[in-house]
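Structure, as structure tokens:
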Amino acid sequence: MSAHTGSAKGRGRVRVAVLGATGYAGVELIRILVQHPRIRLTAVTSQQFAGKQVSEVYPSLVGKCDLVLEEMQAGTIAPKTDLAFAALPHETSMDVVSDLVERGKRVIDLSADFRLHDPEVYLRWYSAHKAPDLLREAVYGLTELHSKAIAKARLVANPGCYPTGAVLGLAPLFAEKMVQGTVLIDAKSGVTGAGRTSAVELSFSEVNENFKAYNVGVHRHTPEIEQELSLIAKRSVFVLFTPHLVPMSRGILSTMYVGLKKSPGVPKLTELYRNFYRSDPFIRILPEGSFPQTKEVRGSNDCAIGFRYDSRVGWLVVITAIDNLVKGAAGQAVQNMNLMCGWPEVEGLRGSAVVP
Amino acid sequence: MSAHTGSAKGRGRVRVAVLGATGYAGVELIRILVQHPRIRLTAVTSQQFAGKQVSEVYPSLVGKCDLVLEEMQAGTIAPKTDLAFAALPHETSMDVVSDLVERGKRVIDLSADFRLHDPEVYLRWYSAHKAPDLLREAVYGLTELHSKAIAKARLVANPGCYPTGAVLGLAPLFAEKMVQGTVLIDAKSGVTGAGRTSAVELSFSEVNENFKAYNVGVHRHTPEIEQELSLIAKRSVFVLFTPHLVPMSRGILSTMYVGLKKSPGVPKLTELYRNFYRSDPFIRILPEGSFPQTKEVRGSNDCAIGFRYDSRVGWLVVITAIDNLVKGAAGQAVQNMNLMCGWPEVEGLRGSAVVP
Amino acid sequence: MSAHTGSAKGRGRVRVAVLGATGYAGVELIRILVQHPRIRLTAVTSQQFAGKQVSEVYPSLVGKCDLVLEEMQAGTIAPKTDLAFAALPHETSMDVVSDLVERGKRVIDLSADFRLHDPEVYLRWYSAHKAPDLLREAVYGLTELHSKAIAKARLVANPGCYPTGAVLGLAPLFAEKMVQGTVLIDAKSGVTGAGRTSAVELSFSEVNENFKAYNVGVHRHTPEIEQELSLIAKRSVFVLFTPHLVPMSRGILSTMYVGLKKSPGVPKLTELYRNFYRSDPFIRILPEGSFPQTKEVRGSNDCAIGFRYDSRVGWLVVITAIDNLVKGAAGQAVQNMNLMCGWPEVEGLRGSAVVP
Amino acid sequence: MSAHTGSAKGRGRVRVAVLGATGYAGVELIRILVQHPRIRLTAVTSQQFAGKQVSEVYPSLVGKCDLVLEEMQAGTIAPKTDLAFAALPHETSMDVVSDLVERGKRVIDLSADFRLHDPEVYLRWYSAHKAPDLLREAVYGLTELHSKAIAKARLVANPGCYPTGAVLGLAPLFAEKMVQGTVLIDAKSGVTGAGRTSAVELSFSEVNENFKAYNVGVHRHTPEIEQELSLIAKRSVFVLFTPHLVPMSRGILSTMYVGLKKSPGVPKLTELYRNFYRSDPFIRILPEGSFPQTKEVRGSNDCAIGFRYDSRVGWLVVITAIDNLVKGAAGQAVQNMNLMCGWPEVEGLRGSAVVP
């Protein structure tokens, strides 16, 4: 048995840390980063497993990443890091992130702590924000929409998994001011979206052979979706967001119902979407009448989009599929890092979905 | 090893046949019927397995139903049958059913062949109907809505699985004329809804760890839903129906978005639903803010209904859960038989869901 | 909405309590017992949910069992109970059970606390036993092997799920003294065997799309299997027991490798098994060369047994399938109650497996 | 939307074809090969989908491999290919492979057609072999055992998935002549092992929530395992092989029971395994008492091995985990190509498992 990686490899590369490395977003970051040709992973942290090798917790990483997990200490992490991914719980992330940014480190935060630009909105859906100035500065990291700002950002707030799937499917319509009325977002997620957790209701025996909605109308991703759509539309947009739990590990399918001001015709819609995303390597616009399935993006950073205008009733149905842990979390975070470092957007993310 | 059933048992009972006994609806009918105290199963048919015992095909039935499968011949089946369940493919069922009804047998047809009252509509979604008079006579077997007509019917057209879940959740609103605009029905079904079939796209490797929509806007259950809602509303009702495939065996969750003419207030809605279904033992109205999951009805004839009015956006969300093979097929068929024979509606259907 | 059960129903019936009613064995007991024609459920207990209706915790029971969960207090439970099922955790069950037996109640204990006849063995695999005399008195409730003793018992120790599947498949061979050497038991269980629990390693995201062995060679069901086989063989029997976790909810398949003293020939083996279980309604001996699958017993009290003698290598392969929550727990407990009360063994257990 | 791959890329690389590109081994080959830095994919064939782009059949490949599928014609494929992977059905592969080898192409055959060195054995388990000389010449492609012969081979017979998992776990023991008696191999496979097929018994509704053995004692991988173990042991070795079907897509766990001539002690066993595989980057020997799970190798080319000697009964339990489509098929095929071309063994195969 020998390691895949030579020891001399990686000198001169950007030094990267993963904070909260043993959660599902954390381990997915490591899976991607150990293959990334321009970075070197220098630190991984974990409160629960500090002192162990990350490859003891995740044997799949043996020989690929055998770093010892540290407790999170900005004073220890900062000196050996150029850029940090924070995959920490909401409301605890903001302290760590603020500290690292103050120390001059660039940070990509995968928690919700810096996604909502308005501290009042954060207060309403989470709690009082402890770093409101940094909150206002942070760039929302939906790469396809904010690439220029991301490239220059000190702090990128990586989007939630649901908002990624929803906003990517709706943005072209709002940009063209075609939408009227409330958009209805019926989203279905695999279970890893809930993170690595021991809740009874996420145990196999409860989830398997079961399907349910949860947090109907009150899910915390609602204001995030509305913020981004409102920015695009340049008006206040409201959505009705209904998440569901699917008995599978990965993937989000978002079925969205949109009232249009007038029927645009299918060819024009296809053209609109293709044009809007013409420079975006991870967006796949399906031919008319085709719809994506989550399996075709599983393990990849792709977002597949399909739609159909139903002339019987005058509604447009848009469906998007992403892997919640990749485009919905770790993959998009790496995509943002690529922009921040001036590298090709697809670096380290070229792998296609693992099918079947 | 000995059989559970004594040979002398069942004299004087109503004699029942299951046609198409080895499909999933067929075997579920047998599972229920062998426990039913007022009938005797006298014939089971199968094209594919004729000559074998049904318990050779489904070992779970050994000692409970060891009847030999016959080819479907009305001349053979009719003399030993008082009532027949037809669980045959669409478009082939109508001949068999017509023949049996002509021979004076009462029939509950689980195919789509007699569900649409208008031959023109049948033609548009299926093909030309060969027994239009019988089509017009057939009673749509959504038990909670048509119990009186079912009790007297010669032929009951057992509803589709999706229409059962959708119409039960919407009927009280349309009866009260509260609905405006198109109702959006986002439905999610387990895989047994597609029947016992060898299609590649229903193979385990394709369905597992996958989620997708299918037949978006063109599913054949659409006219069935619209027919029933229009009858209740006494006007033409249109719905946008989007079915999805869930990687589980049984269960349908229907998430429905309804525009209301005016906000009724939650207590009034609860009262409305409870009142509408006050005599219906299988309907479970959940407390405000609670939503059903498919597991809580798995294997039972129950339909659980929850709802929430979202005052932020002015839409009502209604969610129903059924087992597609029970309330969505075999269970409702037995419920209809009970009415046709003047027995308690719950006879043979008292089992609660198999959880977890 | 109305309840299925009339309030006057059940007078004169045996009064039954379920202790630990909200675990998976507990709720499965209730599912079976509410359909049982000779008992009346009078008490259900739960530490976690005391004060709630059991149907609030398990909505599938609404209208079927709406009893309020009590804290376990022998002084309160005993007066309203003739017979109690204890589905409590190991090592806490023994106190409750002892108390109830002292108060003259008959008890069926689904924990491991009274399964091992020898307090020394209990000490080695669990801890010091607090009621060694009662331990020695308790009857091991593998119904097919100990029916006479069960009928008269004050206390029945309901077998573990793995021992049920293993011993039923091996008993006829040991009874005929045909076995030589160590028997190798490679068992695979669905996840409900671990109970209703919040462990991370039983969360959906960990178990789904995964297969593993656990507790290899050290599982606590080992001494239970060896005790029963040794009693049958009238010598010390040792087994190597390797349990595995299957990504499914219910079912145990036990693949067992047996060295035979001499090849008996297949017809003789079939005859041996059929003869051994000739009076046992839940045992299904499959034809030569056929093997059971877990789905054919799912939700039923059946145990299906298949075997094949491999003359190339001189080993016998025996495979059994049970539902771990039914024949492996709640169903067998009810079967034992039936014997204890002098009722037909199949009372309340006639339902066939829920397939597919 | 733009492609990930530039058109000028890949000149001067080895030209590779995948025959049978739309089966599961075929698409997995493409997933790996499009990331491989030293080859260029020049042809993909499919009988069923000829004329379509492979990315129409598998949308996950859009922008990564948009080659048009051709019918298999040696005269067309050979001129544009240096090396071919044949992922064709057994018994049809041998003609195609023979033709290509005659035309001077190197071939890695993923079918069973060239795995058994002895035409008599092939005849007994399959049918009469049409190219017995080539059969005798072909090198069995279990990379860790035959790396030198593979490097020089014209034709490599890529091992079956089960033999890969079994032989890798047993080889060190047979090499040291430590084994006595029959080895019992209890193997459990995900469903993709059966290929992309429409059989009813592989449909989701049949496989989900089910576990079963199949082909007990008669599976065609038996002679393959025995051939390899006999070569290592330099004597005739017999195994009893029992495969099972797990309701998951990918992964094989092989639990193997080995009688040892004498107990070696655990440290010595660990040393033996580590030493035997000291130059093999994909083999992971777990610490004493640890056992692998399939999820830790899912999507990777790793084989993880754990063991425990049970001194109570004197048997050694060895457990191995592989991904049946990677180390059990496409990954090992690429590993073999790397050796044949003189490249690092891990080229294109450095990705770690996709967890969770």
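In order of appearance the chains are A, B, C and D, and numbering begins at 1 in each one.
Just so we're on the same page, a contact is a pair of C-beta atoms (placed from the backbone, for glycine too) under 8 Å apart; a residue touches a chain by one contact, two chains touch by 3 or more.
Fair warning: this is a prediction, and the values are worked out from it, not measured in the lab.
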Graph separation of chain A and chain D (steps between touching chains): 1
Pair of chains joined by more contacts [C-beta pairs], A-C or C-D: C-D
Distance from chain C to chain A - Cα centre to Cα centre, in angstrom: 46
Separation of mean Cα positions, chain C and chain B [Å, integer]: 35
Rounded Å distance between chain C and chain D, as computed from the means of their C-alpha atoms: 40
Contacts with 2+ other chains: residues of chain A: 24, 192, 196, 205-206, 208-209, 247-250, 292, 295, 298, 356
Chain contact graph, described as a line, ring, star, complete graph or other shape: complete
Chain D - residues contacting chain A, complex: 1-4, 24, 27, 31, 34-35, 58-64, 192, 196, 208-209, 249-250, 274, 277-281, 283-286, 292, 295-300, 302, 304, 346, 350-356
Sites on chain D touched by chain B in the complex: 24, 191-192, 194, 196-200, 202-209, 247-249
Chain A to chain B touching residues, read off their complex: 182, 184, 186, 188, 190, 205-206, 208-214, 216-217, 238-240, 242, 244, 246-251, 253, 255, 257, 291-295, 298, 308, 310, 312-315, 317, 319, 321, 356
